[in-house]
Each structure stands twice: as C-alpha cells, then as structure tokens.
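Look for chain A in each of the two complexes below; its partner is chain B in the first and chain C in the second.
And now, the complex of A and B:
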C-alpha cells in the first residue's frame, strides 16, 4: 500500500443564512457570522446565549449561541453530541453551568405560564407503563389545563394513529407506538414550542412521512419546532433549518441546502475498484484529479475535493487508460463523516 | 385551548396518578406481610400464660414492632417512591414540565403515599391491638400514634425520595439504626426523632408508661409530627423546583 498526499485545502466558506456566533473569535466556527438580531420574520421564540453545561469534568454542551423563531429547526448531531442536554436546558429541566437559555422570553423551568406553552417529547422511553395511551395523553391534557381534554386527547391520538379506546397499557406497546404516545402527549396542549428529541425513532417509513407532514403543518401555523436527529435523511425531509452539534459545540448552522453543499464541498474519499490500481493512481495524481491516493490490491482509495467533477472524469479516464472500472463507492457519504470533518476543522 | 391548572386540581391529578403507580402487587404483599407479623405477635401475647398484663404487653409490642418497624417502613416504601420512582425512571418530566406549582405536585404525592400507607399500617396494628387484648384506649392510642407517625414519616420520606437515589437503603438505615436503637434509649436522640413523639402519643393515650424518650406531652407530640410533615413538604417543593430532571 502506498499513499501520496498534497497539502490540505483551505476551509470551506461560511454557510449562508447562519445565525450563530462564536464567543472565541480566535477559533471561528465553520459557517459562523455575528449574531446581532434574529433575521427571521417572526419573534425569537427560543434563545441560547453562550450556553455551557458540564457534568463534573465532562463538558456536554460548550458555548452554544443561537436564536430560533417559528418553523422547524433540526438539531443534528451524532449520539453523544449534546442534543438531549441542550433540549433539557431549553426546557428548564437542567440549568446551564454558564450562559442563559430562554423559551418564549423566559426561563421555562421557573415560569408556569411558559411550561404550559411547551410540548416536550423526551428521548428516554419512560412512560407511565400501567396507563393506556388514552389515559396517558388525557393526563397530559389535564395537567396542561386543556379545555375539553377528552376530545383533544382523541384528536391528537388520531393524529398519531393510535386508538384512544385501546385499553392495553403503554407498557405493552412497541417502541414505535410508545414514540407516538409521547408525540401525542407533546401535542395535546397545542404548544407554541415543540421540543422533540429524536421523535422519528422507531416509526415505520409511512409513519415518519406522516409525522414530518404534521411537523410541517404545525410550522405553517407559526409554531416553533425543535427536532433532534442523528439521521441526515430525516433532516432532509424536514426541509428545515439546521443546527449541527458536534462534541457539544455548534459546528455549523444554516438551512439544509447549505449543509448539503458543505457535504459536497468538503474533501471526499472514494474507493475505485479496478484491475490496475497502480496505473490509475499514477494517472489521477498526474492529472491533478486527486488530493491523495492509497493503492490497494484491487482498488484505489482516492481523496478528492470535487465529488461531482471526479464522477465526470473517472469513466473516460479508465477508458483512455484501457482499465477495467469495477466499482465506484463513496466511503464517507454519511453524516458521521460530515461531523468528523466539522470537528476536525475546529481543531 | 388551555387554562391555568388550579392547585386543588393539580393535587388531585397527581394523587390519582401516583396512587395507581404506587400500588404494585409486590409492594402490597410485602407490606401486608409486615403487618401480619405484628398480628402474629399479638396472637402470641394473647395465647401466652406467662403474660401477666396483656393490655400493657400488647402496647409494648405496638411500640417495639408497630412504631419501630411497620409505620416507618411502610411510610418509607410508599412515600420515597411517590416522586422518587418517577425521578429514577424518567417519568417525572410528565409532571414537572406542566403549568402546575411544585407544592401541589408534592402535596399530591404526599396524599397518594398517605392513601396507601395509612390503611396498611393502622388496620393491621388496630387488629393486632384487639387480638392482643389491648384496652379500648390502647387500641385508640395505637391507631392515633400510627397515624401521626405515618403523617410525619411520609412527608420526610417524600423529601428523601427527591434528595437521594436509593432512598430505601438510607431510609431503612435511619429508621432501624437511628430511630430503632438510639432513639429508644436516649432522651436527646428521642427528642430529635419522630419515633420519640409517636411513642409519647402511644404512652399518653394508652396510659402505659414506655420509659425514656417517650415523655413528650400529647399536644407537643402532635405539633411536632405536624411540624415535621409541613416542613418536609415545604422543603420537598423547593427541592422539586431545583431538581435536575431527566
């Protein structure tokens, strides 16, 4: 195996539409620009300013600043990135070690009125297992002071396709059904801010599609939805603004298209299967089509900047060289790779 | 679509939910067995030829078993679980993140614990007192002392459930070691323990002397139990407000 690596490329340009700020100017965030005012049309509904949360020596969330208005905003990050901790702070369930968080202009944990305008579907699977779905959601309605709690319970359970008259305890439900019970409970008070921690986990594709459509409807009604996910495809379908959280820090922000561009613009790694890898590697380097190559027995691992351009030249190149092209496999076309890239860029 | 949730409504909703959560077959069986031990002891007292004064002896049994074991342990199991279990299993968020004031949630939890614990303590102890040939005053004293004990212990253990994880272990250590041993033989310790006042109630109302650490007058004993309950609930509400909720 051999490896050739030219110098690394410059960092990518800032994402358009970003509304985050870095409190440490010497270490600018990717895609960051100064946050002076909420650039959206509606009021700021959720705000975090310089928020840090530590558990002993472990920093779960570090110096995160953002403002969010109505619409769907996805908090995207790998497991352990700090998404749930951030959500807990926003809802007042835990206090930040430093910085401030407000929901609807106030501290949700300390303000009864604000608590009544929040819907939270937490990530953990815990429910009152001995209650039926109807009883669980009715309890949520009653404890929120929902007028006509019974009819509202029926309505939201129908939205998530659960039967209000099903007497089975939620303890006997599948993960997907439990997830829908949580969603129904979060929706029952028609909240202004919905905080949904991995809400699509456990749902089948049709249910996911319906939930995403429901989120869109709520956003159109002026609701603020914060939806966490570690799955890029989900975020794509939410069609949302995105905050990317990696290792507890806000690594990027913008709309989904910007994130996608970032994915396309960053260095990529592709496996090109061929019968003569040495020859292909030499040609790629000679023509400047690769930043680096690693030659294997039956393939070349190619580091490239322009994935689309590479896709256009590789087939003609192999024809010119008289090589057999066995496969062309992207090795890092997943969210984890984007996170890794963003995190490495921050170092 | 929503209106504010009144304090009474919050208490009732919390109470209804938690009674349902607390009443598990395992807990019921275990704690009924505890009550049955006292009844069996009372049967022994009634059947024994060596007991010269059954009315006095059964009060001593109520003191030694009922007030040391049954009342605090039953209170501990249900009260510490009322909010403590929800905190442990992650369901507390469904009460916490609601437009209800914290004290009403704590009060609902406390009432739920009382709803379960009072019958599980007073009924077996009253039955044991009757079986053991206690006087009418002795039976009444047993029920009153047990009731005030449950009132005080339950509030304290609701707080304990919000303060620490594994409250049963620490609660048992407190009940059995501190109150069960030290408070029985030391007047200063007895004055600083709920048990000293429940014993005083039992002794005063049954007119059976129970020795040191049981010498508070009835009014003081009642007031201390009520004060412990009120203070613990107020502290529990503050604690709930500051709790890190999963």
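And now, the complex of A and C:
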C-alpha cells in the first residue's frame, strides 16, 4: 500500500452563506446564516437566540442560536460540550445568562402551561428506584395533571412494552428497562416537545429498533424530539437533522449530509474499486484529478476536492485506460465523519 | 373457521383527557413524600424506624392514660399533666423524627434527579417547596399532635376531660394551634438545615445540630455565663414548648426565672417566629439559587 500526496491545490471559493473556510472562535462554523432555512417544516417549536450560560468563569454554552420544528433533531457533542446545559435551559430548569430560549413560543422557565407540554427523559436513571414502573409513571402523570392517570400510565407503559402490574421496583430493572420506564414517564402527558437525553443507551438491538420506530411515529405526528446521543450510528438512523455543539458553541446545524457538502476545505474520500489500481492512481495524479491517492490491492482511495467533477470524469477515465470499474464508494459522508471533522477542528 | 379479526391501532395513542392544574401536582408530591417518609408501599424494614419513633412519642400519653384507667376518678387534677406538657415530654423524639423526615423529603429528590423531573412539570420551585413543607408538617404532626390528642380523647372517655363541650372545644383548639405552630417551626428548621447539603446523613446531623447544638449553646449562655434568661426564647428545644404553655395560659420552664419576672409571652412567640423565619429564608434562598442539575 502506498500513499501519494501531491501539493494541495488552492482552496475553492467558499459557498455562498457559509463561513466554513475561516472559522473564528466567536462564529459558528456552519449554518448560522441559514437558520431561517432550517430544514424542519411547520412552525418553529424550539428556539434559542444568542444563548449563553456561564457558571462563574466557566462558559458552558456560548452564543448559541438555532430554531427547530417538528421531527427528530439530534444534539451531538463530546462530553462537556454543553448539551446537558442546553437541555436544562430548553426545559426551563435554568435560565440563560444572556439570550432567549423559547419552547412553543414561550419561556418554559416562567410558563407552567408550556412545561405541561414538555416530556423530559433525563440521562440519570436513579430516580425512584423504590417504586414500581407503574407507580413511577403514575406519579409523573399526576404531577403533569393528567386526570386519567391510571389508564394513561397503562397506555404508555404498553407503548414501551412494560407491564403496569409488575410489582418489581425500578431499581431492580435492567438498564434497558429503566430507559423504557423513563421514556414512558416522558410520554405520559402526551407532550408536544420531547427532550430525551441518551434514550437508546442500554437497549438491546430489538428494543432500540422499536424505540427508533416509535420516535419516527411521534415525529410524524408533529412532535418535536430533541435527542442527545453519543452513538452516531444511532443518530443517523433517527434522522438527519443535527445540532453539533463543541466547547459550548454551535459548530453546525442542519442535515448532516448537507453539512458534509459544506465542508469545502476538507477533501472528500472515495474508494474506487478497479482491477488495476496502480494504473488508475497514476492517471489521477497525472491529470490533477486527486489531492491524494492510496493504492490498495483491488482499489484506490482517492482524496478529492470536487466530488461532483470526480463523478463525471472517473467513468470516461477508466474507459480510456481500459480498466474495469468495480465500485465507487464515498467513505466520509457519514455522520461520524461529519461529527469528527466539526469537533476536531474546534480543538 | 376462525372469527374475523382486525387490528385497529397499535401505534402511539394521544392523551385527549382533561388536565388539572398545579394543585393536583402539589397534592401528588405531598402524598408521595408522606408515603416515602413513612415507608408506605415499601418493605417492612422501611417502616420500622418511623413506627418505633412514633411509638416512643406516644409512650408518655399511653402511660398517663393507663394510669387514668387504673386509678380512674381517684386521679386528681393535680396529678394529671397539663396538655401542653405533652408537647415537651417527647420533644427529643420529635427532633429525632425531624432528622429522619426532612432529609428523606428533600435531599433524595436532589440526589436522584427527581427534582429536575418535578420542575419539568407544571410545578415551580415555590409550589414544590410548599408541597414538601406540607408533607413534612403532616408527618411531624403524627408525633407532635398525636400524643396530646390521644390524651384528650382518653381523658374524655374516662370522664377526666375538660368540663363541658365549650371547654373541650377550647382545649382542642389550643392543642391544634400549638401543634400547627410547633410543627411549622420544626418543619422550617429541619427543611432549612436539610437544604444545605445533598447528603442525607449530613442533613440529619445538621438538623440535630440546629436544634440540640443551639439549645446547648443557649443553655450555656444563660446558666453558665449568666446572660439574661429571656435568651431562652432562642432555645429550639424549649421555646416551642414554652409557646404551647403560653397558648394554654400558663408559664413553662423556659419562661420561668428565679427572682425575676417571667419572659413576656410576645417575646416567646417572637423567638419561635424568628427561628422559623431564619430557616425558611435559608430554605428559600438555597432553592432560589439551586439549579436543577
């Protein structure tokens, strides 16, 4: 295997409406100018404008602005990025040091009615370990003022496939079962906005699949779901809308596939399967069609700036060279790649 | 041949029913806190300590009643303790109960994340604290008002109670008023002290220190150093009982002084009110600053 890296060409001009090429610590990387064009449809359900939260000298969230409509939106970020602080501000549990946060058009911290339309599933799972699942969810229903607390408790526990009559305390449940109890408690008041902190952690693959399907169904019914997760593969299955936080700042917002397209200072990486990889690699370098190539036994890994242009030239090129073109696979347009790029450039 | 069947809806079901206001939420927190403190709905071992403390608190009343049953009419009024004294006899047990109740009611929610969940509902910090305060008062009333009420009822059954319906109602009213004030004082003190820490054991020690520790300091100031006896109105153990004595029109041990006039009644009430205000302020200030982490 060999790696050839010619001098990089000058960076292409930035796309209109992005500042990705010259990030400064005080500016979001992507999407800040396009907030009005947030991909969510329908009315804005959650909005943060210039939100900053400080704890003494520590700035946990800094000048964050975004709007979210119905559907699933994943909030991503490494530990300490400010996700939990942002969640707390959204739910009205703490007020921002500056800026405004509104949920359904109002300040959740000051508006009781709005809090009645929020469902929160926190990451912590100690909660009332001594209560049964039924008792815990019924308590959540009562504090939300649900009149038919008992029947509603039965409904939502059935939704997450738990038995309301199971007398075992939640403390004796597995991690996955506790997650489902928390989710049931968050759903018990039929909220318009669901704030779910790591909701899929601990679930087995089948349960995870069912939860993702349930989230999809809730989103289809017009609910807004804010989901934080460390498992990027899960987030990609939940939906494509993401908010990426890094060091308390909003690093990106929007569809992660579109975000990848906006990363024009970073070459795309494509795997080109062929029967003669060395010949193809040499031709690509000679024509200036690649920033770098890595030759494998049956393929060439190509770093390119212009993914669309490469798509246009690769097929004619292989025909001209008399090579067989086996596959053309993008290697870095997944969420993990986008996330790593956005977070690492902040460090 | 099987009967025809149809699945109508296996998906998410909306809640279309009525929603009540914050009172329902407060009632729910209150009732849940009472259950939690008394171990209701939990294994037997969780009920042992509250039951034991309650039993000890009732012991003086039970002893006096047993005496009344055995001797009957021969038990003269002078041999019967005034009702207000029944607030003082088990006072240490009441304090012990407070060290259990308030930390359980308040600290656990902060430690296990329920405080955050409560505040994401229509509850606010003030309504949450009000519900907790009411719950602690309700539980404390068992050991504060319970023994005195038992004595009143027992004496009445034995024909040793107050003479006439009017007098009986008067005594009942004084018992209830004394109970509410003492329980309110204890609830403010124990919740205020418990709000300062996230560890239940430390909270219990804090409550004990705020009552017994301050009581010892006041005792030293008056008895050893020789400061004015009116300072006893700041004794968290003596002042509430003295207040009950004044409600019954008498002077208790904390208000007496050899060679000088009894402490004025207003000063006794002011002492209790001052401590109640101080600890309520601690509680409110602490929770105002508290972030639901």
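One rule holds in what follows: the second predicted complex is superposed on the first by the 218 of 347 C-alpha atoms of A that agree within 3 Å, B and C clash if a C-alpha of one lies under 4 Å from a C-alpha of the other, contacts with A are read in each partner's own complex, and residues count from 1 in each chain.
Criterion: contacts are C-beta pairs under 8 Å (C-beta built on N, C-alpha and C of every residue); 3 or more make two chains touch, one makes a residue touch a chain.
Treat the numbers as computed from the prediction; the structure is a model and nothing was measured.
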{"item": "Chain C versus chain B on the shared chain A, clash or fit after superposition", "value": "clash"}
{"item": "First, second, both or neither for A:159, with chain B first and chain C second", "value": "second"}
{"item": "Touched partner set for A:289, first chain B, second chain C, both or neither", "value": "neither"}
{"item": "Which of chain B and chain C A:112 touches, first, second, both or neither", "value": "both"}
{"item": "Partner chain in contact with A:65 - chain B first, chain C second, else both or neither", "value": "neither"}
{"item": "Which superposed partner A:214 touches (first chain B, second chain C, both, neither)", "value": "second"}
{"item": "Contacts of A:185 with chain B and chain C, given as first, second, both or neither", "value": "both"}
{"item": "Shared contact residues on chain A - chain B and chain C", "value": "88, 91-94, 112-113, 115-116, 118, 120, 122, 124, 126-128, 130-131, 139-140, 142-147, 152, 185, 189-190"}
{"item": "Chain B residues touching chain A - in the complex, by the definition given at the top", "value": "1-5, 9-10, 13, 17, 20-21, 89-91, 93-101, 241, 244-246"}
{"item": "List of chain A residues in touch with chain C within their complex", "value": "88, 91-94, 112-113, 115-116, 118, 120, 122, 124, 126-131, 135, 139-140, 142-148, 152, 155, 159, 185, 187-190, 195, 214, 217-218, 221"}
{"item": "Touching residues (chain side chain C, partner chain A) in the complex", "value": "11-15, 17-22, 24-25, 27-29, 32, 36, 41-42, 111-114, 116-124, 291-293"}
{"item": "List of chain A residues in touch with chain B within their complex", "value": "88, 91-95, 108-110, 112-113, 115-116, 118, 120, 122, 124-128, 130-131, 139-140, 142-147, 152, 185, 189-190"}
